[in-house]
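Look for chain A in each of the two complexes below; its partner is chain B in the first and chain C in the second.
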Partner chain A sequence: MTSTAIALDRVTHRYGTRPALVDLTLDIPEGEIFGLLGHNGAGKTTTVGILTTLLQASAGDAVVAGHDVRTAARDVRASLGYLPENVTFYNDLTTMENLVFFARLSGLRRPEARIGEVLEFVGFTGHDHERVGTFSKGMRQRVGLAQALLHRPAVLFLDEPTSGLDPEGVRALRELILRVNAEHGTTIFMNTHLLSEVTKTCTSIGILRSGRLVHHGTLADTVGAFPTEDALERAYFASATDAPA
Partner chain B sequence: MSTAITAARHELLASVRAKAPYALVAAFLGMVAASTFIGWRTTVTVTAIYERVLADGYTTQPNPFTDVSPLYYVRNTVIYVLLIGTLMAATLGVQSALRDRKAETAALIGTRPVDARALRTGRLLGLGILLAALVAVTEVVTWVSVGLLVGGPLDAAETLRIAGFGVLTWLLLVGFAGVGMLSGRLLHRERTALLAPVVVWAVIAFVVPQLGTAARPVSLLNPVPLPAQDSGAFAWLSHALAPIAITERFKTASGALLGSPTTGSAAASALLVALFAAVALTAAILVRGTRTQGVPHE
Partner chain C sequence: MSETVTLARKELLDLRRDRVVWIVVGTLGLAVVLSVVVASLDFRAQLADYEAYAAQVKASGSGVTPAAPQLFPLQLLRGGMEYVEVLGALFALMIGYGAIAKERSRGTVDLLLTRARSGTSIVMGKLLGLAILWAVIMAAVVVTALASVALIGGSTIGWHEVGRMALAGAAGWVYAVFWSAIAVAVTTLTRNSTAALLTLLVLWLVIVLVIPQIGDTMDPDNQVPGGLFKALAIAKPDEHAVLHHFATYESLRNGLEVSSLSKLYERFTFATLGIKDIYNGQSLAVVWDGTFRYVIGALTLTGAALTFAAASGRRIHTLRRS
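Moving on to the complex of A and B:
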């Protein structure tokens, strides 16, 4: 029996008086690649913010890898890896110096060997001693994924991971995400706008509309409900917007 | 502890890469050079005039510089530390506090299992080491410069006095670095964060002493503190505000170490400078800052 990696129970969050999330309830089993879809402002990044302990929900409970985000935030952080949408580093420092810093903050005492392994895994060897400030977006995303994987997290949060990448970059990152999941059994929670990425990567999806979860199911079920070539696109528009499906 | 050490190493590395220490070393060496030159030139000029006056038979008094400590040459350094060093230290503190926000790495740090206070302690430790190295270089240069002027190495007592002045300078600078870090953590905009310590500095260095020594405000820019008014409201204010007139306390304690005429207790003054550093550092570590994770509201 598969246990739950991420659970949200009636989570609500407001910015001032404006609700960003309303009664979000969601269970994601271990080993899933979950894609959270929604228009701009739907509440995707707020959801990731709450699950990664960067934000505190106004109400409701959330659990990541068996730890409550409110009462055991440190344990949650020890269990997760996080790749923000526009990952940035200390530009004056090299890849190795940046990764050593983040690895040590994650509790790794002598992280150099592990950094070498992870850089090899993400296909970014040979740039250890180059300053991050000189890297392209695609290169930074690889370093970003490396920093998220350093401490072998049980759950990986990716916020728009392919945003701004060229087609080669998108494909390379997609393959890495699938490998992380397949080789390490890591549960992956991914925010994205790209429906094509969801169909190629995710095993289950959720659709947010104005802070409310309007759809949650496996990719097969979702696509099965709209048996056409552009099934997911039709499912998305039917759930997430007022546009005709 | 390991978080603090990691943060301290990172602080040192990031500061060195940002080239901040080079500017500080240049500024401090410039201060020592200017101070030593002014001290030497003053001594030479006054002595030359004195000898002419003595030869003309207009005085029988001894040369005012006879038996004056050679450290008197560098007494102006006290003022440079107050006017330039403290502001540079505060700027370092602000930059340290803003580094994650500017590099947009706050979210990466915020999702790590670290204690925020340990992180801040480490950053202050890094700044403390940086400032200690800087002060040490400056004091070595001071020791060599004064030695060259007097034509031989300084004796043990004078060397200890220079070391003591270095420790006192370090305490004051670390305190202002703490003020800068606190400002960077509490204020969202960089410009405001940089301005706030300048205002604090101006109040401590000029406004507070002015309330007690307004009759002779020129003393604020001189290395030797003048006695405060000894009667009336100024006397009362002077006594009441003395503990927070940290720059005046620094001048008093430094003056005693460098052989300048001083008023008040040097030991008590040094203790108050240390207390200021302790309070500023504790506040920088313990006071909760503004939200820094930089997560967009989506």
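Moving on to the complex of A and C:
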């Protein structure tokens, strides 16, 4: 039986009086690649913020890798890897210096060997001693992914991972995401508004609209309900007018 | 603890590559050297005046030899210590502010928060890095000061001077740590970096300049250049007798002055280095007897600033952009 990697139970979040998330309930089993879709301002980044302990929900419960985000935030952080949208590092430090820093913060005492392993995995060798400030967006995304994988997290959160990447970068990152999931069984939670990426990467999806979850299901079921070439696009736009799922 | 050390090491690596830090170290060093040059020139001018006067007295056939001006080598550091008091505080604020503000401007806060155990450990790690940096800067100031006094002032430096200067350096370190802690706490708790910087500059202005200046202005002895009592040729015992009638006023004035850490630092270092006349040539035991309450006051204020900084770590999410 597959256990739950991420669970949200009636999670609500407000910025002042404006609701960003309303009664979000969601279960994501271990080993899934879950894509959270939604328009700008739908509540995707807020959801990731709550699950990565960066934000505290106004109401409701959330559990990541068996740990409550409110009462066991440290354990949650130890279990997750996070690649923020527009990942930034310490520009004056080299790839190695940045990764050694984040690895030590993640509790790795002698991280050099692990860093070599992860850089090899993300295909970013030969830049160890270059300053991160000189890197392109695509290069930084690779270092970002390496950083997120250093401590072998159970769950990986990717916030708009392909945003701003060129087609080659998008493809390379997609392949890496699939490999992380396949080779390490890591559960992946990704925010995106690129429908094409979801169809090529995810095993299940959720659609947020104005802070409410209006659709949740496996990719196969979703696409099956709209058996045309643009199935996911149809599902996405249909959910805009549907009642919440 | 190891997380705090990791954060401190990264901070030091960052600071080492920061040009502003090198400019700060260079400026403080230069200020100390210049102050010794100016003080030495002033002393030589006094000495030349004395020699000319003594020659005149001798030429007049008088058998009386006027007292020669005395040089206590560490007195040449008065200006240098004042620079540490004013500029050191400002530089500690700027570097402390930068240590936190750069996380916000670079956008590295989110990554940091998902990796560190707590906001308090982030803040304390940064403070540890800053404390180590200031220990190095103060050591450099001590060495520069002693070298300047020896090479420019032409004085002999013994263990006595080295020990006293080391004490002044330690006081400078505590002083810089206080300002670093204040800067880190205020920047962490303020949503906007510009507002944080303005708040820090106002604090610096009030604590370093305004309060000590009010205290100085209220001092009856400062109403005439060179000292009121000296100008009126009133002897010390009579001065004390006069001031006895203004005991409440003097307590208030003194209380106001010592509410500023800058004044506590100044009183301690001026006493230790013998810059203040009454401590000239006095043993450290006498200096300690006269200044231990300033030391306790300074340590208490610095401890409070560190506690404030540690507590600000709980609100570190304020630094997030959204």
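Please note the rule applied: the second predicted complex is superposed on the first by the 239 of 245 C-alpha atoms of A that agree within 3 Å, B and C clash if a C-alpha of one lies under 4 Å from a C-alpha of the other, contacts with A are read in each partner's own complex, and residues count from 1 in each chain.
Here is the rule we go by: contacts are C-beta pairs under 8 Å (C-beta built on N, C-alpha and C of every residue); 3 or more make two chains touch, one makes a residue touch a chain.
These numbers were taken from a predicted model, which means no experiment stands behind them.
S.K.: In the superposed model built on chain A, check whether chain B and chain C fit or clash.
M.R.: Result for chain B and chain C: clash.
S.K.: Using the touch definition from the top, say if A:T52 reaches chain B (first), chain C (second), both or neither.
M.R.: both
S.K.: Classify the contacts of A:D75 with the two partner chains as first (chain B alone), second (chain C alone), both, or neither.
M.R.: Touch status of A:D75: first partner only.
S.K.: Have a look at where A:G185 lands relative to chain B and chain C in the superposition and call it first, second, both or neither.
M.R.: neither
S.K.: Return first, second, both or neither, reflecting whether A:R104 touches chain B, chain C, both chains, or no partner chain.
M.R.: Both chain B and chain C are touched by A:R104.
S.K.: Looking at chain A, does chain B or chain C touch a larger number of its residues?
M.R.: B
S.K.: Taking the superposition as given, does A:G164 touch the first partner, chain B, the second, chain C, both, or neither?
M.R.: Touch status of A:G164: no partner.
S.K.: Which of the two partners, first being chain B and second being chain C, lies in contact with A:F89: first, second, both, or neither?
M.R.: Touch partners of A:F89: chain B and chain C.
S.K.: Tell me the contact category for A:G41 with respect to chain B and chain C: first, second, both or neither.
M.R.: first
S.K.: Would you check which partner chain A:A20 touches, where first means chain B only, second means chain C only, and both and neither mean what they say?
M.R.: First partner only.
S.K.: Can you give me the overlap between the chain B contact set and the chain C contact set on chain A?
M.R.: On chain A, the residues that contact chain B in one structure and chain C in the other are 45, 52-55, 74, 77, 80, 82, 84, 86-93, 97, 101-102, 104-106, 147.
S.K.: Using the touch definition from the top, list the residues of chain B that touch chain A in their complex.
M.R.: 2-3, 6, 10, 13-14, 17-18, 99, 103-105, 107-114, 119, 293, 295-298
S.K.: Please give the residue numbers of chain A that touch chain B in the complex, ascending.
M.R.: 15, 20, 40-46, 49, 52-55, 74-75, 77-78, 80, 82, 84, 86-93, 97, 101-102, 104-107, 109, 147
S.K.: For chain A, which residues count as touching chain C in their complex?
M.R.: Contact set of chain A toward chain C: 45, 52-55, 74, 77, 80, 82, 84, 86-93, 97, 101-102, 104-106, 147.
S.K.: Where on chain C is chain A touching in the complex?
M.R.: Of all residues in chain C, those touching chain A are 2-3, 6-7, 9-10, 13-14, 17-18, 106-108, 110-118, 317, 320, 322.
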